[in-house]
Amino acid sequence: MLYQEVGQISTSYAAERRTFRLRQDRIALWLLLGFAFVAVPWLGNDYWFSAILVPLLVLSLAGLGLNLLTGYAGQLSLGSAAFMAVGAFAAYNLQLRVPGLPLLVSFALGGVIAALVAVFFGLPSLRIKGFYLLVATLAAQFVVEWVLTRFSWFTNDNASGVITSPPLLIAGLDFSSPRGRYLLTLAVVVALFWLGKNLVRSELGRNWMAVRDMDTAAAVIGIRLLKAKLLAFAISGFYLGVAGSLWAFAYLGTVEPHGFDLSRSFQVLFIIIIGGLGSVLGNVLGAAFIVLFPILLGNLFGLLPSGLMDAGQLENIQKMLFGALIITFLIKEPEGLARLWQRFRQRARVWPLRY
Amino acid sequence: MEFFFEVLIGGLLAGVMYALVAIGFVLIYKASGVFNFAQGAMVLFAALTFVSLLERGVPFALAFLATLASMVVLALLIEKVVLRPLVNRPPIILFMATLGLSYMIEGFAQFLWGAQVHGLDLGIADEPLEIRGMLLSQFDLFAAGTAAALVLALSLLFNKTRVGLSLRAVADDPLAAMAVGILLPRIWALVWAVAGFVGLVAGLLWGARLGVQFSLSLVVLKALPVLIIGGFSSIGGAIVGGLIIGAAEKIAEIYLGPIIGSGIENWVPYVLALLFLLVRPAGLFGERAIERV
Amino acid sequence: MPHTLPQALLHQAHTRGAATALRYKRLGIWHERRWSELAHDIGQLAGALQQRGVGRDDDLLILSQARPEALLLALAAQWLGASVTLLDPDRDNRALLPQLRPRLVVAQDLETVQQAGEGAAVVYLDGRGLNQPQHTRLIAYADLCVGAATPACAAHSNDLAFVFHAGPPLQLTHAQLLAGARTLIAREHLGSDEEALAARVFAASGQARYLLTPWLLAGFCLNFPEALSTRDTDRRELGPTLVLGTRESYGRLEEWVRERLPLPGTFSHRVYTWAMQPTPSPVRRWLGHWLVRRPLRDVLGMSRLRAPLLVGPALSPHSAAFFAALGIRPGNWQEPSTRHEPVAPLLSQTV
Amino acid sequence: MHAPTETVLLRLDDISLSFKGIKAITSISFEVKAGDICGLIGPNGAGKSSLLNVINGVYQPQSGSIRYAGQTRRRMRAHQAAEGGIARTFQNIALFKGMSVLDNVLTGRNLKRRSSWLEQMLRLGRAPREDDAHRLHAEQVIAFLQIHPWRHVLVGTLPYGLQKRVELARALASEPTLLLLDEPMAGMNAEEKAQMSQFIRDINREYGTTVVLIEHDIGVVMGLCDHVVVLDYGRKIGDGTPQQVRANPEVIAAYLGS
């Protein structure tokens, strides 16, 4: 009922093509961005910044990374965390060994390196499909984890293998404070989401979906499966790599292989299942869910008389609920939270009518 | 040379253990086309239930039966709550569902029995046995024997009984099977139950080997490459795959480890499986489907 | 003070050449023509028609739905002082055509070309399936006016402008049309900033009198939807301020809404009925406006609607009540000066 | 596209195809003239679809050769076919279910793209201009096949007949020289069939596209095609104009008669 669409006509394809065709959507977007960049830094406190907002943002970025590969190009992957790790360690080592390299540049380069690794492990996707491909990505997960722990060069010969990340200095400004970390993450994530949105609406995005929906037909209309799939792995790898750097630098504050184990890969996968496969917005919703749900649950159990439930039990209950939720989503709403939002929006556009 | 064979056979025996988990996979995949990631969780659940019952003074046989019963109940629940609503969904969705399932089962098992490590003693002394100059683990031999017996039992079940017949029918062509009046849900429930039983056996052996704890559910990660090499739909394949992986893993550990470093057994199976895939995209025994367009 | 339709057109072109005269949706987007461009195009077309032998007291026969090309050709013919006969392409006009024996026929597509038969030269608008040389005297609209010079405007105020054959033949002169349009503009306070939507039936005198002529005279913008099937969505995009309809067309809209309403018994349905009922309480009226009536008008594409016109018999009490609740009260419009002709069937579904 | 000197656009020479020893096609040869509409008919399992799949490189024949647009190949690869201007629709619709009608049609343009994905992602350089150009072309195809009311609808939600038309639109969007249609009218009522035949005829006339189509409705085939090839059990048993084929006793015995 907020929508007043009358009179919003497009007289050129450029106008008709724009991401947010309706004025109301554009306004809402700008308001949201304004809120995130201006209001939140004032209102939020350190707990919110470092315990909720930063991980939420980074995980949504990681989600987008995996979604490009799995949700759009239809290539199942359980190696997300590996590519995040590659990004993080690459960025760290670039910072360490290339004096004077700007932080953002080393993030980007970290992403590029992650992309290369992803392509390497994506090569089998040309011959194998579906579950068989899982193995390739799992191999990535284990090999990378092993390499990073085995060769101490990556961790700069640090005994514990856990390195504290350098301060976040960009153009002389220090972003190391929780608020700074938040702003830095937000900026990077927003930029990459914008690019991602363009990407999936571009020709490459269509080709990916074509490969996903019906690869024989895709090949018949001249789409190069090889190119499409490898690009999917590369770009997904880049996103995950950058997400990894942010995870290590802006969230953990340390760079360590354990931050990127198999369970992280699962977490990212769950984000896109809950948020919605083949959706950009869904990644944010999914990440928000994954981050907020345990906190909510914790607070709920906090209300119970103490001693009734210890931390371990709480964790188990969380696991069960999580599993249950995953299944429920797959049964009730396979397209995830994003689909729910779309439905609501669609309904709002035609309210009071039904369609 | 002696030593090599010792390593090899040790590996093969360990491989049998992988095969055990893999078989559970294969059963379910054949019957319902579900790639059941929760198999590991089922192993954990079975072992944990069993051992906890023992610790509460339940006699061995009774504990075994009770656990078996609980596995059957679990299977029935899964069929009702998860599989039936998801019927005719793309396999990838079903796979993700089993991911959720494994979370639920793990959570539930530990919620029920706690997360601490339990020792499990099946009464087999694990001192090495000397056979023609080679030192072989008694336990591994026992495990191999059990696995062999299990496989024999299964193949009898599936080749001699009506149930087995209808199962193979379902595996071949679900629609045709339904047409001749086979009740898919019942078959599924049955297969999951059998898988649960296999899980139980695997759980006992693995539990006795590693101690019963959360990490048991990770044996699923060992089973994956086994399946890849053996193909998802062949019990024989699962065993062969298991042997190959087991042997390769041990050999790599012994001969490659010193060179490139320890801890490689985590990924060697996967890389091996990958290499297999590049040669035979559908595994050793799985056959490639012709795409009709 | 224009005396003929072409003069009115030229007047607009001179005084407000840059303003948008015509807007039509095609290939997914809206295309716009200014008054100056329009006048130029029509002049060219007039030249082209002249080359093909059309002149004063000739008649141009148009077998087409409401398409900009048809409209332009009509004005071009009138520019030359010729009259224009509009026939509904969805009817079978084969009985009629031999009597008329026009010099030139404008046909929208394959079927209408076949209707037109071999007699006259035919200008076709949509050439699909036509490019085989079975028909000797076919001219594509596209290559109609290549190198045609614009002739002087030769229309007189008492020339015939339009002839209609649905029902008893009806002939309208420029003067009649303009006179009628003036009263309409005066009474409905139509300005140059109106957005009018011209949908389907072209061959209806009401369209010529209450839409085309006021358009030329008041100089507002005339809009054509992409297709009949998409007119509702197109109307929503466009948001016309002026619509011309009949009992049937308003009825159809009401029906369109009713079948999409929330199902009875649901909360939304209760909200809807609550908001649609007339009420003294200003609060409730205000809430109802923002919660239901305003959004609904928007979905209908009528939230900018200023002048809803109704031709022919009054609305059914049902539709009347419905539209009244939305604050839409179609002014029934029947022109006194010319003799009454049955409009309703001709004008079905013009909104 | 194909050399103007050559009037034969496509020639199959002694093509044989088998799956795991089972013969699908046995040494079939025939020609399709540029600009013709050629019908493949025959009972189910006669190997019609397999033949189309051989022509545009979905299947690789064991023996024989394909001469297309002046080039003789041992076998055709899918992308070679596409780049050579062969477009295709499938027996059981192979649309991209997760995409809108417009996007499906746009995928048909992918070979005409020149700008890189980077340009498209950053919306720089050639990309925007190209987007407009290809959108325009897609819209023309959409208008030609009269599916504009459903432009922004997900194809998965469309009725069967429309999906068939969208698939045709996708094929047409690539400006094909040769159009392979696998049962374009399957499961349609008489009216829809008539409309679809009209579309095919129009495509053939407007764009001069050569068409090879599989159809069971003999009436339609005889009305539409300049040239008919009859298959039975993977062998060719008839080849010629509709009249000739109608007259051919073997064909009558194997097919028309029954």
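As written, the chains take the letters A, B, C and D, and residue 1 is the first residue of each chain.
Convention: a residue touches a chain if its C-beta (ideal position, glycine included) is under 8 Å from a C-beta of that chain, and two chains touch if they have at least 3 such contacts.
These numbers come from a predicted model, not from an experiment.
**Q** Compared with subunit A, which chain's mean CA position is the farthest off?
**A** Greatest centre separation from subunit A goes to chain C.
**Q** With contacts counted as C-beta pairs, which pair of chains has the highest total?
**A** A-B
**Q** Just curious, how far off is subunit C from subunit B if you go by their C-alpha centres, in Å?
**A** Those two chain centres are 74 Å apart.
**Q** What is the distance in Å between the mean C-alpha positions of subunit A and subunit D?
**A** Measuring from centre to centre gives 41 Å for this pair.
**Q** Compute the distance, rounded to whole Å, between the mean C-alpha positions of subunit A and subunit C.
**A** Roughly 53 Å, centre to centre.
**Q** How many angstrom lie between the CA centroids of subunit B and subunit D, rounded to a whole number?
**A** About 48 Å separates the centre of subunit B from that of subunit D.
**Q** Out of subunit A, which residues touch more than one other chain, so two or more?
**A** 12-13, 216-217 - these are the residues of subunit A that touch more than one other chain.
**Q** What are the residues of subunit C that contact at least two other chains?
**A** 28
**Q** Which residues of subunit D are in contact with two or more other chains?
**A** In subunit D, the residues touching two or more other chains are 58, 90, 94, 135-136.
**Q** Could you pull out which subunit A residues touch subunit D in their complex?
**A** It comes out as residues 12-14, 17, 195, 198-199, 202-204, 206-207, 209-210, 212-214, 216-224, 231, 278.
**Q** Applying the document's contact rule, which stretches of subunit B touch subunit A when the two form their complex?
**A** It is residues 35, 81-82, 85-86, 89, 91-93, 95-97, 99-108, 110-111, 114-115, 221, 224-225, 228, 232, 260-261, 263-264, 266-267, 270-271, 273-274, 277-278, 281-283, 291, 293 of subunit B that touch subunit A.
**Q** Sort out for me which residues of subunit D touch subunit C in the complex.
**A** Touch residues, subunit D against subunit C: 102, 135-136, 139-140, 142-144, 148-149, 151, 198, 201-202, 205-206.
**Q** Which of the residues in subunit A come into contact with subunit B in the complex?
**A** 76, 124, 127-128, 130-132, 134-136, 138-139, 142-143, 145-146, 149-151, 216-217, 262, 266, 269-270, 273, 312-313, 316-327, 330-331, 334
**Q** What does subunit C use to touch subunit A in their complex?
**A** Residues 23, 28-32, 236-239, 257, 260-263, 268, 271-272, 275, 290-292, 294-296, 298-299, 301-304.
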